[in-house]
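The chains carry the letters A, B, C and D, assigned in the order they are written, with residues numbered from 1 in each.
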């Protein structure tokens, strides 16, 4: 019943892959995936990773996909939601301190935008006068202390709050889920009455960024030449559909084989194709 | 322009007071309040405290309102949202372990319902087999560890989750707000896709519980004899209005004098009266 | 696997029934239902109908349940969400015009509260000066004209808006659903930025009203003596659970046998019992 | 206090204008606006209209802005939310019937995408087998009949539903608001439990479409060269901010001078500039 991914890929000049549940799990990259990515590029196809993640830099993400110690995905083809936050900081904030929640590694995106990161717990309002707050990762800070500090910092100011990953939860192990920074954003929005600025799938900006990079490489590329491959209907598939590209749901991640028909029916989110995995 | 609370009170046989922002702040009971409560009862009026709070027992709440070392509000007239959770546990759960988030003092309501409290962090699922989860207080546990544990406990089970205080934030000091346990409930609902069972204003059950206790004391009492006094439109006033009793907004708490007209216009939540405070 | 309703009923002194999907469908009362209701009362049990409906008076609802031309449910035991709206109008509004959306028959509840109904389309603001707006039924008015009029009447005023039936849809035939007045309320709330006052299940006030009438008849009745029987998890069952009474899900209405386990798992709303129907 | 728009415009190579409340009202284009638009282009600036509207074609929108019978805004610079829906239909649907709600003129976008429009009221499911449903305009159909038909068509199928204008209301006259098709979408989503695909501000796709057309004309254009001018914080300003361009709030439409400071504080949506109007 499911479509063979290998055959399907033949019809597209450019393929966007979600990372978690598609190319890797919490235990690492799935065996065989780097070979698949490498073969697709050998056949002349552009390969992108389009991922809701702001916990580390694209370079460190790329390190996960190596064949004979060489990365198989070009660094500029790894499009994280953190990169969109970086673009926002560069074009809209431009200078000064940016307060953040997350591990120190996630502050990469603030530095890259030419700004000064400061952990939210270390902000002295009058001294640092932060220009905005960025929610990058769910780890690296004391939740009780810093979520409450964030509530008060937002209440007392007009600071925009940027959410660099909209996901509410993520799989920490195949069976254990953790609240992601996008979940903390929901709590903070309820507690402050504000609407924050969210980056990441299903919002189409992340697909637009990937598509326009692909277009630089191939000026004849059209949306109909692009396939988005993901394991989650409510982010990968609905977002790809809205952006106007074809979508393939794989059953190697959060959406189980036994559930997918029911979920498609209940949500009305219909992928163009369903594949068992990218290895089939 | 504002109505005198003293004159207004003359027209009612029974008065429900919110606690925070009406009778007290984080610094303690407002000077003069115990005298007001005492005088109302001397004039034959029933006085109730109707409060979204499950962090401590009604006895400990009553201790705050003393005149010459005597409590001025009868213990059975202190109606906390924790009491509604206690009623639920007694009538719907009946026996066994109940997992909770909160300080040990808040577990009072579980014990009072005849059940065995166990901190969520100490639950061994197969051993304790908890019958439900109760969210009682925002303190007394490690947020990162226990919120994530709670997400997974709910995902893996059908356990009902009881929220014993619906408030999203509370004033820790006059200028600093903390996330209340009702705010954590929002995060947990988003992360699990479940709807929990919430107790507290504006839901009318808490007013119904107070009214029926008042009715035991005075079989002729009608809803039109009751006044709800509160500082928050979206809990005290809208809930009292819906329950069918008169409402007085006081400007001694979260709703500032400068804001109240705009907020009434924007929300369409209209109190029967507006008073400066219960001391005027 | 399912419990026999007949045996189950033996354990309760008082039974609350939802109407649609439990006792009747759009085609009329299910064959055998009036005999069941009659037999329960012959065995000394109190029987109530607890229904989200404000389209007609309790008398007209009672007419549907007749044995040998006699109504089998006492009129005072038919608790509609319209009755709660009537209570609100009587205690909170007290006099003057009330603008309504619905058929003329639904204006019964306004008249009964001692107020003057006026169809929303006929309101001349300065002349009638309506005291509130009540949403009673989805029929009896021109949607385009009157929904838009309602938006503007609410925007220009502080009028409270009462929603006398919270349901979003209802089955017009076994396979065709219509938008109910509670669905129109959602649209009007989005268009005006206001939160209206909603009456009906799952809100506990309707259960409280029925319970206190039952208590008048039997002063020893406790919540544990009451069973709520319904076909919908998100109204009948979650509301009964929250009110602290036992609940039985029947599979004769909106929740199909094939779905109920999945829905209970997904929502975390767990009925005390599951029965095929009230006839088994 | 407010910035002069004329001076402000000097700093930008490309200006995006919202239509309603910025360039025009329900009574027509504001006097002086066509001269402003013409002068900006004479000074070498690109001018775009970026509007949530799918009720008519860009050509008919352009007809409103004429100087000496010549349109002052190039047709390809009028970016309506209807155009995004057209793109979706062309790339994702490709052939067959498309059911729509709206006036016949709004079906333009379906025809332009190479598909066959059919009014939702005329759909015979087995015969037309529509590929999707598009919500285009609030007029041109019987709300009661067709909203209920739409509910049932969606319930019985997997059809994607496209909302070609996300606005909930629009000003029909300066003082009278009507529910827009985006408001009907909210009702339909609540009644069907589905999430539809929405096009229009604040979603960044509409800004992305305008920016990439501008980029075709000027390959050196950067986001920092673009200014979005709008009268609504929650669509124009928050969307422009998120897309990474500068934003100017004008006080000639829905946001009144007396409100704008309070609204900016309450929402945390901060425009780069505030101007009285585009005429100052």
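One rule holds in what follows: contacts are C-beta pairs under 8 Å (C-beta built on N, C-alpha and C of every residue); 3 or more make two chains touch, one makes a residue touch a chain.
Predicted model, so just to flag it, every value in this text is computed and none were measured.
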Next item on the list: Can you give the shortest number of steps from chain A to chain C, where adjacent chains in the path must touch?
Entry: 2
Margin query: Measuring between Cα centroids, what's the chain most distant from chain D?
Written below: B
Next item on the list: Between B-C and A-B, flag the pair that has more C-beta pairs in contact.
Entry: B-C
Checklist line | chain B-chain D separation of Cα centroids, rounded to whole Å | finding: 45
Margin query: Averaging over Cα atoms per chain, report the distance between chain B and chain C in Å.
Written below: 28
Margin query: Centroid of chain A to centroid of chain B, CA atoms only: how many Å?
Written below: 40
Note to self: Touching residues of chain B toward chain A in the complex: what are they?
What the structure shows: 138-139, 142-144, 147-148, 151-152, 155, 168-169, 176-179, 183-184, 186-187, 190-191
Notebook entry, point to check: In their shared complex, at which residues does chain B touch chain C?
Noted result: 87-88, 91-92, 154, 158-161, 192-195, 197, 203-205, 208, 212, 223-224, 234, 238, 241-245, 264-270
